[in-house]
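Several structures are given next for inspection.
Both complexes shown next keep chain A, but they swap its partner, so chain B is in the first and chain C is in the second.
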Partner chain A sequence: MRNRIAVRSGGRAGRVLLILGLVLTLSVLLFTLIGAFYTPYDPTEMNGLEKLSPPSLSHLFGTDKFGRDIFSRVMKGTLTTVSVALFTVALGGAAGSLLGAVAGYYGGAADAILMRLSDTLTAFPAMLPALLIISLLGPGKYHVVLALSLAFVPSFTRVSRAAFAGERQKPYVTAARLQGASDPRVLLLHMLPNTRRVLLPAVTIGFSNAVLAEAGMSYLGIGVTPPDASLGYMLSEAQGLLSAAPWYALACGGVLLVAVLGVGLLGEGLKHA
Partner chain B sequence: MKTLLKKTASLLLTLLLTSFLVFLAFELIDGDPARTMLGDQATEQRVQALQAELGLDKPFFTRYIGWLGGFVTGDFGVSFSYRQPVWEILAPKLGPTAVTGALAFLLITVCGLPLGLFSAHWKHPAVLAVRTFFEQLIMAVPPFVLGIGLSWGFGVVLHAFTPGDFPALSEDPLGAVRYLFFAALALAVPRIAMTARMLRMSVSGELGRDYVRASMARGATRRQALTRHVLKNALPATVAFLAQTMAELVGSGVIVEQVFGVPGVGRLLVASIGNRDYPVVCTVIVMLAFFVLVSGALADAVNLMIDPGRRGGKSHA
Partner chain C sequence: MSDPILTVSSLCGGYEKKTLFGKQGRPVLRDVSFTVGKGEIVGLVGESGTGKSTLAKMILGVVMPASGAVALAGQARMVFQNPGASLNPSFTVRRILEEPLRVSGVPRAELAPRVEEIAAQCGLEKSLLAVRPGTLSGGQQQRVAIAAALITRPALVVADEPVSALDVTVAAGILELIRRLRAETGTAFLFISHDLNVIASLCDRVLVMKDGALVEQGDVKTVFTSPSHPYTRRLLDSVL
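Presenting the complex of A and B:
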């Protein structure tokens, strides 16, 4: 009895979190999308008269040391950071899930080798391979996407392999195969929808990790580099202005936090929904 | 004994593979380190002389084997950019990084585990929603952003430390540890929430099991059931998670060291990647890999101590 109540109340809490997560994520996406087409000021326009002005109605997040509007710059930065993270998750997630699905579905020696390899690789923080790859390729947004997607493949492989291996023995898979469905059809149309409870949260976690990794690398100056704006690079600028313009760091850090929190809540809600 | 041998062998093999991949990665980098070091104006003769001096004229495998042989005997080679033995450059950086990591790990276990146990008992749906919200909020804080926040709050406003002015560990140990505490705090905070969540999820998973009810039916209090039975089953996943945490601390430590200007291994790594100083990068990465793998093995050992019945079984982390 107690368990049933716990499950049900967990469901209600889950719905609240899901909605909150959706609202936050959608606002960040909307912010990003608007930033792609419109910013209140030109994010690169300098204004000598309004250097380091605190947040006001005309400059919501204030201005930086060149008098550039921080709100507009944050919009552009979010656009870069979010799109890098989206592409990373799309590429790394697709490659990893595919590898994992094939390994989990077919099993055998290839599965064993692949799993040993990804077990070993996931033991390392994704930052290390990402740093190595970016040092090979050099900075730039496309290179960051490539480096991060490669670094994220093993963890997606692991999650997806476990999910598909768990589904393989279920009666509906056998039934579909007996009806003559081809392997790709069984994998994509029958099994994939049933692994969403595992894969979707993995995607949301991957997205937050990608946002953080991109911001971290750009902060170090080896990720996305100017003229492309990135929240990470802007944070490194903002750090030098902490005493003069603390709102700069607050704005960049705040957007980063909301983006990660939103998808985090979304993932948590999806697990219970 | 056999398991131990097998584990050690696979650990060594992984290390060998890692070192080879790292070495190979740098081989593929376009640049020719000798030419980069001397600049565009250098004559062909000088470049060749430097290549010979650094051993770059030899074929790839000879260099790898040579480097590996040196590594095993404690000779990590000579840094390209500093022209000093790698060990001499690396040694002074180990202290600050180790202290930061250890402090962070201490904070994580001391705060995370009790929090996880404590919050496992909450049931009211509103409380659950609020708890999960704050958990997600704290987990979402990027360590380096928190680091910037701490520099502002404790540095600029409260003057508890001067960001960027790191006192040398050997000259002012107390001041250095105090400085590193803030870096450790930045690293630890999101991980505290993650650890608490991890333990809570496994504890509440176990609390619903029959053996808990049976134990309580025999007259054990909730607390006794928790400490005698539940923890034994709930801890292994958390211990494995803590091992992963030690590894992640290495990754986010690289960035947080930059935030606080801590002269540690992470900053050395980033600088060496920029300088294409691959003797240093190889050494650092292989050492970090060693650390990651050893902490994983350590977690396995701790789990065997908690529950000897798991011996031979696969750990399900």
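Presenting the complex of A and C:
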């Protein structure tokens, strides 16, 4: 009951956040999707005559030091960044949620072992295991996905364990088990939908973190490598040109901001919806 | 009385806590024996903490007894005290009623007619099938829970304080429903309650439990008019 009242009082603000988040997220996704099939210019085509030209009608975000169209490059870069983040959250989130569900549902020894393992991983900064994997396998977008999803597993495990341990106490779970439902059925069909208030915001926060982590790694030169362009890689390029071509950094940073903000608001809105 | 649906013989045991220093805890049930016949409504009374719910869980096979046996001719289902919490909040009423059938492998084509049949029997309007339990009243929720218990046509329904959380008038409706369902389906009920008035009006026989043991059992009229055990007398006195 208390829950429902709280939701009702936060309903209006929640709806505004949800709509704003949806609009921002969908525009970034649309931008990404168009970029997958069409860019105004070839993002790798160089043009010596138009080096570092400021934004204009022919080049909306201007050009870089090789005369490449920044708008086209940002489109491709967003595609890389968003898909890396999506796969990271899908893999890390699914694995972490599943481990957390098992720990929370069964409790006992399974819980103790899984959570101590997760504690051990959490003891290191999330970036450190990711760095380790990259230094073993080398950079590249697939390795970034692998490294980041592993780094994301413990936080998802923790969130999901708490959610499932809370649900497990509820009589509807006992009722389902008494009806003869198998453990996977109880976990996936009965309990999972009821943990969405906790898990969905965790997914959206995870997505924002993954976008930022990919950008950070690529900025440091241990993430996505050319010819793939990513927002983080382009930001690191733009840094050297901050005074000569400020629009470059603004374009990359702006899209990054909208993507993270949109998904963040979406998660906040979902929590209250 | 016809052949028993449920035979409980010399049931002992209950919760045991495993700690670092070995097993701890106390045997909750002590030598509990009784039977429930087909279509019979048997009441189980006693103060909280006497092991009524533990007995229910043993009958349903969730808790294993230390010794003794439970023999069931057919299926047993359970109805809980708090109907709101025992129904999955994400499911619609239709889905809640379908679930026990799906789990027991009933073909999909049979789901809808069975659901609609039991819903009508339990006084649930067809329009309620599409809503989620959170929007229902307590009485409607308990009707859904009873329908979900009965939909697989079990031989026995164990109802643990099913009307304790409800208003008096709503509770009366649920008791009437249980009476009617017993007559129509021949399902037996083990009705756990601490409310002697409810037991007296609903049950054929009553079991009186104290500290994990049955101190008295028999016909409701006999037990309530001339109780033989001092504890039953005290229980009755406290109501009057």
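Assume the second predicted complex is superposed on the first by the 261 of 273 C-alpha atoms of A that agree within 3 Å, B and C clash if a C-alpha of one lies under 4 Å from a C-alpha of the other, contacts with A are read in each partner's own complex, and residues count from 1 in each chain.
Throughout what follows, a contact is a pair of C-beta atoms (placed from the backbone, for glycine too) under 8 Å apart; a residue touches a chain by one contact, two chains touch by 3 or more.
Small disclaimer: the values here were computed from a predicted structure and weren't measured.
Undergrad: Could you tell me if A:Leu261 is touching chain B, chain C, both of them or neither one (first, second, both, neither)?
TA: Once the two structures are laid over each other on A, A:Leu261 reaches chain B alone.
Undergrad: Check whether A:Ser58 is in contact with chain B, with chain C, with both or with neither, and answer first, second, both or neither.
TA: neither
Undergrad: If we overlay the two complexes on their shared chain A, which of chain B and chain C does A:Ala176 touch? Say first, second, both or neither.
TA: Second partner only, chain C.
Undergrad: Which partner does A:His190 contact after superposing on A: first (chain B), second (chain C), both, neither?
TA: In the superposition, A:His190 touches chain C alone.
Undergrad: After superposing on the shared chain, does chain C or chain B touch more chain A residues?
TA: With both complexes superposed on chain A, more residues of chain A are touched by B.
Undergrad: Give the list of chain C residues in touch with chain A in this complex.
TA: Its residues touching chain A are 60, 62, 77-78, 80, 82, 85-90, 99-100, 103-104, 134, 145, 148, 152.
Undergrad: Can you name the residues of chain A that touch chain B in the complex?
TA: 2-3, 5-6, 9-10, 12-13, 16-17, 20, 120, 123-128, 131-136, 208, 212, 215-216, 219-220, 222, 235, 238-239, 242-243, 246, 249, 252-253, 256-257, 260-261, 264-265, 268
Undergrad: Would you tell me which residues of chain B are touching chain A in their complex?
TA: These residues of chain B touch chain A: 14, 17, 22, 25-26, 28-29, 123-126, 128-129, 132-133, 136-137, 139-142, 144-145, 148-149, 151-152, 155-156, 163, 208, 244, 247-248, 250-252, 254-255, 258-259, 269-270, 273-274, 276, 281, 285, 288-289, 292-293, 296.
Undergrad: Note which residues of chain A are touching chain C in the complex, please.
TA: Against chain C, chain A makes touches at 4, 170-172, 174-181, 185, 190, 193-194.
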